[in-house]
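Below are structures written as structure tokens.
The following pair of complexes shares a single chain, subunit A, combined with subunit B in the former and subunit C in the latter.
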Partner chain A sequence: MAPSQMSYAPTLGKLLKSLNSQPLEASIESLIYLLKRRQVKGDDIANATAHMLLQVVAKSKWQSVDQLLAKVSNTGLRLAQAAPTELVIGNVVRRVMGLIRDEATEERNADEMGDSVSDLSQLPATPTMSSRPGPTPIRAGTGLPMSKSMFNLLCVTETVSSPATGTSTPMSQGASANMHALRSEVIDGIEEIMDEISQADDQIAGFADIQIHPGDYVLAYLPSPTVERFLIKAAAKRRFTVFLASGERQKPGEAPHAALRKKLNGLGVNTISLASNGLMAYMPRVNKVVIGAKAVYANGGVSTESGCSIAARAAREYSKPVIVLSGVYKFTPADPSDDVAEFEQGDSSEFVEYADGEAVNALEVENIVAEYLPAQYVDVYLTNLGPQTRDHLATIMADHYKSEDMGLSLHLP
Partner chain B sequence: MATEATGAPAEAPAPQEKGKQQAKPAAAKDTPTTGGDAAGEQKLTPAQLKARAKAEKAARRAKAKEVKEAPPAAAAADAKGGKGSKGGKQEGGQSGSQQRATHVPMAKRIQTSQAHKDVHPAVLAVGQQMATFALKDSIARLEATLLAFKKVIESYETPKGNSLSRHFVPHVLNPQIEYLTECRPMSFSMGNAIRFLKSQVNKFDIDTPEDEAKESLLEFIDIFINERITLAEVVISKNAAELIDEDGVVLTYGRHRLVEKTILRAKSNGKNFAVSIIDDPYDQGGKELAKTLQQAGIPVFYSPNLGGLRVHLERASNVLLGTEAIFANGSLLAPAGTADVAMAASAANVKVVALCETINFDRERVSVDSLTYNEIDPERCSAESFRLMFDTTHSKYITGVITEFESGTDFAPAQAILTLLRKREDPTIA
Partner chain C sequence: MSGKQASKGGAANKSKKPAKGGTEEKREDALQAVILADSFQDRFQPFALEKPRCLLPLVNVPVIEYTLEYLASNGVQEVFIYCGAHSEDVENYINDSDRWSPESNLCPFSSVDFIRVSDASSIGDFLRDLDKRSLISGDFILVHGDVVANIPLDGILAKHRARREANRDACMTIVLRSSGNSPHRAAKARGITPVFVVDPTNGRCLQYEEMHPLQKDKYVKLDDSVFDYGEFEMRTDLIDCGIDICTPDVLALWSESFDYELPRKNFLHGVLKDWELNGKIISAEILDEGYGARASNLQMYDCISKDMLHRWTLPYVPDSNLLHGQTYKYKRGLWIEDGAHIAKNSTVTKSVLGKTAYIDSGSTISNSVIGRRCQIGKNVRIEDSYIWDDAVIEDGATVLHSIIANDAVIGKYSYIPEGSLISYGVRISAGQELPSKPVPRISLLTSEGEPAKTDMKLVGNDGKGAQYEEPEDDEDSDSEDEGDADPAVLQSSLIYSLAGLNISRESISTLATHDSDDELSDNEYEQFQAKANRERLSSFASDDSAAAAKALDQFHGDAVHGLVDALRADDNDDFDSAKLEFMGLRLANNASDSMMRKAVAVAFATRAAELMSPENGGLEPTKAAGRALTSKKGAVKFITEVGVGGNKVDLHAEFALALQKALAAIKGIDSARAGTLLAALLQQLYNLDVLEEEGILAWWTDARAAENDSLSKIKEKSRVLVEWLENADEEDSDEESDDDEDSD
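Let's look at the complex of A and B:
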């Protein structure tokens, strides 16, 4: 089985291609397996989640908005449990749920004014989702949801937990036609979210030449695709030097990130790999540190690749700015439950070989692959909506998530 | 710089010189090593040294043969390098790293045949071991250097019309030191010890008989090794072991001899505790330490890099750090990454204790950033990539330093270094 698995090994690409031909449940299951094996990583996760939710909306059977919401959150929950540290899954689910609520309200407002008895009517009437992937328009009453949120939350959990009843949504004659329209609206909306996700890196990179100045020494710790694009974009306009660092061991003579280095060098930007564990030694020469986020919490803390907090701490020690790159879709409207818990252990076999029998038995190897970077070490959050500070994260989150969905918990035991 | 001038012409006759040297060292070698064994108290080290020296010698002979046929280009390159050879390699390959740290020196393998003709074979061997990092930490290098110098002294004969006190240092000792420095920049401990040794030579009256002077120098070195290395290690590990809490978790970075000794001693004192080892993926000494400790029955958590450091610190009760040297301002010179660990630890309110022999203290040099005094790892220095071997840890992150001195309190703030040193020189100071 093992050898054949190699050639038939499921990948995200294959999965996404086969989405239309496969039954929904099979697609969900295979994505769950990919997530569990950590074969989908980084920014692909958001994309994959959006694809999957699109399938849920398009393929599954639902008669009412509540059923749809339940199905979406249920699928989201399963995906999130497969990769509990990937907070983007929850974000995309929240976005899609928010989208469904918006569309539903709109339909209802258009068709049967004031007829609705569902909790949705409590939402302020919202204009259509902007067709631009950019900032969503600020809703009237942005300041208010906080006071309502408790009540809304309770309502939502209730309806979600009893999705089959369908009593909260009136089923009029035109309902099925409505649902059909709703389905296509929601699908359009999800496609917009997918566009936003795929364009976020480019939009972030658009701010590169503002942040990076000629002659800068920029430290990129474990550059993510977002960071890579950012640096390359900057390199087109600026002459600077990039330090590349990672906590992984490089063999002598071998330098990682070869593709990135080649591109940067081709644009005339110097790259230097710091083959080092600690970064304090180099920090005096560094002008700024660029870190790619896996997710940003409501309190400004960032979930990052392991080791980023070393870079950020050292930068803080020498008062160098730390720029966190993160698409808005990575903003998570939750606080880290416990700082220490926010890390993920990885494969230990890279570090202690099985040939080394003694060590295998003896050592408690802890290879931490993701960790939490407290907000105090971050100076700027550079998003696809531009640079943000910690103080405005809450506003952005309020713009992007419905208050009903903010409290959505995907991390049930 | 004088060597550069003399060095260049000396390169040409070197291969022939080799022939002569090969005969001489063989004889010179046997006598001192047996002497070392008789001294006995160095346990394994002289024996190990002998084995190493033998291996080196074989390699050297092979090399010497090669070099005879080797093109003179290599010799020329090396000659040009000479003392300023730090630049040699960097000018060649490093376009990128060059601008980063040209001033930072790097250990360099010098073909033994390229060495100055006056370099003693024992010193040659030590130099090779330093360049290849077989002798790595400052104390191992110091000890090997001193033992090699003993052999230099033993084989020294004052030329006619000269006195040992006038001739030995400039004509015999200095070429050895220059060679060693070329192989790898001297550690602070070596600098300190050589200063002591030179001042000892200068104390001799011009009329002191050669044998008496040699005897006295050999004895001085023995006592020095005994006091500043062997005993220091015992005292430090004893004092530091008391700091380990029962049922605590000791966190350490990489592998350092003193830390290892301390932990093992605490264990043999009957304490129960766990050790959390943060390793440097480029060095991986921590893995060896982990195995050793495991065999001693100590529970070990091993983390291969600095990732998730905060999590590890969360459960640590104190941090023990091994150091390479301590500057006059109390900053630590220690393996790269130590500063990050110390900073994170003090941010997490965990006690950070540095262990250091007083011979590693430097009272003249002050370092504020890590590029002031550092070395580049010669194995990882290319156009694209480089690695600094050390970093500087500010004293504000250090709760205290344990030295073999100050046995009253056992625990001195890092800034008290100068006072400690003064007291060391003159014990009458209160």
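Let's look at the complex of A and C:
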């Protein structure tokens, strides 16, 4: 390649570099279009969202917590609309909003020493308080719950008197100083979230040697970056065999996951490539199935690369454990809606060449990129906080999200 | 012209800078792009009468949005937009758009400039204007304002740069998408088939031609120079994405050629043809992945819309909501924007419904795009159609594969047949059934932009609008071949069809009798040739394209005339200037060797015959031959080098044959005298060492030399010469007759 090669196409990296030099609105707009054009993908999206919310907190003008919450949720809504199938955006927005509420409460407590605050995170976060994209969602942060869902009807009184709204009304001289302190607190908090996101994969990989035993046969279906790191980490300590299965149309002369295979082989781990239709035949030999999650729902269902549920179902037939790898930031405090719109449709050309003229005219190609894996097929959720079972998911959700924000609907109003 | 640097700087100062405050490293050279928002064609009539074509909605989004978004997605920084017709509309659209407006700091481009050229009548004028402005600093992307593509350009740009560094003359890279063996609809929809001759090893483009079904012969003539390359491919399966990566040299080339109008047919063809003159290298980047096409005519519009609904154009699909304020959601084959209403018992499949479109009960809609605020009544049937914003289709109407523009009203129980184009504000009254022939193209305006007189018979009593007629003079059509029907007629309808196409009268006549037409044209052509050459050039008629052959006819006439004049001239003994002129003609017309041979033979035969005629002294054939050949200095050498063109037996035989045919065609000289003259000429040429005996003997045995009576009579007179030659040399001379028609 020529030495003068440089790339012009906008990327997330370039956007993050230019964050400081361009106005906030332009940055948000750039990210929105990166999302719309699918130029940011996968795990970068969480990172990008956190970066952008950090900019919102740092750069935008706000006098009260409510204003800040409104701004954050507004930006979050716009980002989520740009990529409605990416649930992580909503998760990060909820985390940041929860963070703001916490910090505001602390400030207030420190300032006024009164007003005992009911810790909202103690509310039971049950899967029943689903946030179906209803016609009138909560405008989070305004303190006026407008959702008609059962849960919100019940908790109306509580949210109205919630401390977050209380902070906004009296604005004394010291308020601006408070706000300044709050700003830096929140920024620190978001940076922590960003660290968490970036370290999640490593932390998950840290549990690899516990999960994978010597001599295991591990099936990895369409390994995501998280799964790849997990396997490589395990390979450093254990001797085992990996079945790599992929369902994609394979381009001639191109072995799937070549880079991963090379790394694993270099560490002395055998890899065997499977075509996805031969999956069942190998299942008796397999000890465990590892699947990367795109999102984990409140009910334990998982959004994965399409095709993974075949592997999971096959594993269930043979009673083999299925391990789902997912950072906590991918946990979505919502139930999967039956809305097909949540599953991204991919490019048809992955399955039918555009050059196959006849097929292009005659066929309707639907390439659904993600699919839903019901909770009963999952045995272990391996998070950056350690392995979890389905029963603990609700607790984790409750620890990470505020109940006000759980109902936050990031869908179109 | 308006830049936006100022606004950008101001906004940046407002924001509080966090601790880092790093200055963004200024990119050395920002990527520039030029959008050609008008193509000076009338493929979108009658819609383009009122609106610039780049603002026509393609799946409910103005076409230019796709192009701009594509450029933005490739990191283009500076955009220059050339608008032709309706330039104010385009400028207002961009300036009012909150995404692209140069004033807005949301714009992904650092500058968006409009360039107006008041007297432009072609794309060529735009690019020559651009050259004068010297706005372009480095490589730039030249796109049409109707490109829909998702091909990442980074890699292609890098390759282009590498090529340019390797060779300074590599000035342009064309992006092409291969469409495989069984052509996809995008390839089929073209009417005009581009033929690219490409070197598959390095992607270098060697020749470019266009073919279309209306041309009279079905051939592409390859340049001789193409054969000098070790390997080349001729490809007709390529979709031209309308994306070129150019160096500023390209603009200079445009400026040099003031008559080039179209980027492909004129520019690409011309530059490749004159490669030896300009030395420029143009490469083609042939892709097997990604999507790229131009909505350059209604068929492509149809085809790209369909591709978009099938997600070939990802991410440019409705549910990406690229336009601000769009809220499409994809659900079970339908894209529905907020507030669109589908009554319970109506059936809608694989369609797009714009905001607050309303579909009443009992209607069936398939494979269609319905704009915003459209009102569709009860029991309506719509198939494969494009209904633009605010159109109203009343109860019971049927719309098949048509385009209904904004604010048009289709009355109750009316019937719109396939291929109809219903322009803005047209009203079709209730119960009206539009005829399927001629295909309805109904507009409120005439082709001159005047209000049209309503044709009650066509649109009904309450209707508005009249059939749109193409303007009679076809000046801005891109066809320059006068002999051929204009291929543009193939592209101005929504449905590509040869059989059912009857938009204009001339196309009926050409197309209905397409097969017989071929023969007819051959005959016509030959008559024309016979007149011009006074001899049949049947071998040329069959394997050259008409245009090229016509050029060759002209070449022949001019060349013979020039040579004979030079031979006649008494005051000038020098033949060199005639030779120079002849070679100039040859290069200009790209004449083949056999063409030159014929011209030389005819010229000398004519002169010799002239000398025999009483007015010119009535010389003896031998003397006449001698005078014709040797009176001018350099003439013999000229015959040897140009007329015969080599020291091969078959070339000599060919020249003898050419002389014979030339003499046979000369009037006012009977075949006996012609034969004597031929014998004399051949003998002279033999004596002058121009023709070898083997050549003459080969001619003697050639079957073509005795094809008909007059030829064999002429030939007979040379028997003495041949026998003498045979005796003079005892060598066996049983050469096989040479069947190779075109030995050159």
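Assume the second predicted complex is superposed on the first by the 341 of 413 C-alpha atoms of A that agree within 3 Å, B and C clash if a C-alpha of one lies under 4 Å from a C-alpha of the other, contacts with A are read in each partner's own complex, and residues count from 1 in each chain.
Going forward, contacts are C-beta pairs under 8 Å (C-beta built on N, C-alpha and C of every residue); 3 or more make two chains touch, one makes a residue touch a chain.
Given the structure is predicted, the values throughout are model-derived calculations rather than measurements.
*Asks:* Clash or fit: subunit B and subunit C on subunit A?
*Replies:* fit
*Asks:* Treating the CA centre of subunit A as the corner point, state the angle out to subunit B and subunit C, nearest 10°.
*Replies:* Here the answer is 60 degrees.
*Asks:* I'd like to know which partner A:Ser306 touches here: subunit B for first, subunit C for second, both or neither.
*Replies:* first
*Asks:* Touching A:Ala259, do we find subunit B (first), subunit C (second), both, or neither?
*Replies:* A:Ala259 contacts neither subunit B nor subunit C.
*Asks:* So, A:Pro23: does it touch subunit B (first), subunit C (second), both, or neither?
*Replies:* Touch partner of A:Pro23: subunit C, not subunit B.
*Asks:* Once chain A of both complexes is superposed, is A:Val365 in touch with subunit B (first), subunit C (second), both, or neither?
*Replies:* It touches subunit B and subunit C both.
*Asks:* Looking at the overlay, does A:Tyr33 come into contact with subunit B only (first), subunit C only (second), both, or neither?
*Replies:* Touch partner of A:Tyr33: subunit C, not subunit B.
*Asks:* Report for A:Pro10: first if it touches subunit B alone, second if subunit C alone, otherwise both or neither.
*Replies:* In the superposition, A:Pro10 contacts subunit C only.
*Asks:* After the superposition, pull out the minimum Cα separation from subunit B to subunit C in whole angstrom, please.
*Replies:* The answer for the closest subunit B-subunit C C-alpha pair is 10 Å.
*Asks:* Overlap of the subunit B and subunit C footprints on subunit A, residue-wise?
*Replies:* The overlap between the subunit B and subunit C interfaces on subunit A comprises residues 339-340, 358, 364-365, 367.
*Asks:* Which stretch or stretches of subunit C touch subunit A in the complex?
*Replies:* Listed in rising order, the residues of subunit C that touch subunit A are 8, 11-12, 14-18, 20-24, 31, 69, 72-76, 99, 105-106, 108, 152-154, 157-158, 161-162, 165, 177-185, 187-188, 288-291, 310-312, 314-315, 317, 319-322, 327, 329-333, 338, 350.
*Asks:* For a test of understanding, state which residues of subunit B touch subunit A in their complex under the given definition.
*Replies:* Residue positions touching the partner: 95-97, 99-100, 280-282, 284, 287, 290-291, 294-295, 299-312, 314, 336-341, 343-344, 347, 369-371, 374, 377, 379-380, 382, 384-388, 390-393.
*Asks:* So in the complex, which bits of subunit A are touching subunit B?
*Replies:* Result: residues 247-250, 252-253, 255, 261, 270-282, 284-285, 306-307, 309-310, 313-314, 317, 339-340, 343, 350-352, 358-359, 362-369, 371-372 of subunit A touch subunit B.
*Asks:* Report the residues of subunit A in contact with subunit C in the complex, numbered from low to high.
*Replies:* Residues 1-2, 4-10, 17-18, 20-26, 29-30, 33, 36-39, 58-59, 81-82, 84, 339-341, 345-349, 353-358, 360-361, 364-365, 367, 412 of subunit A touch subunit C in their complex.
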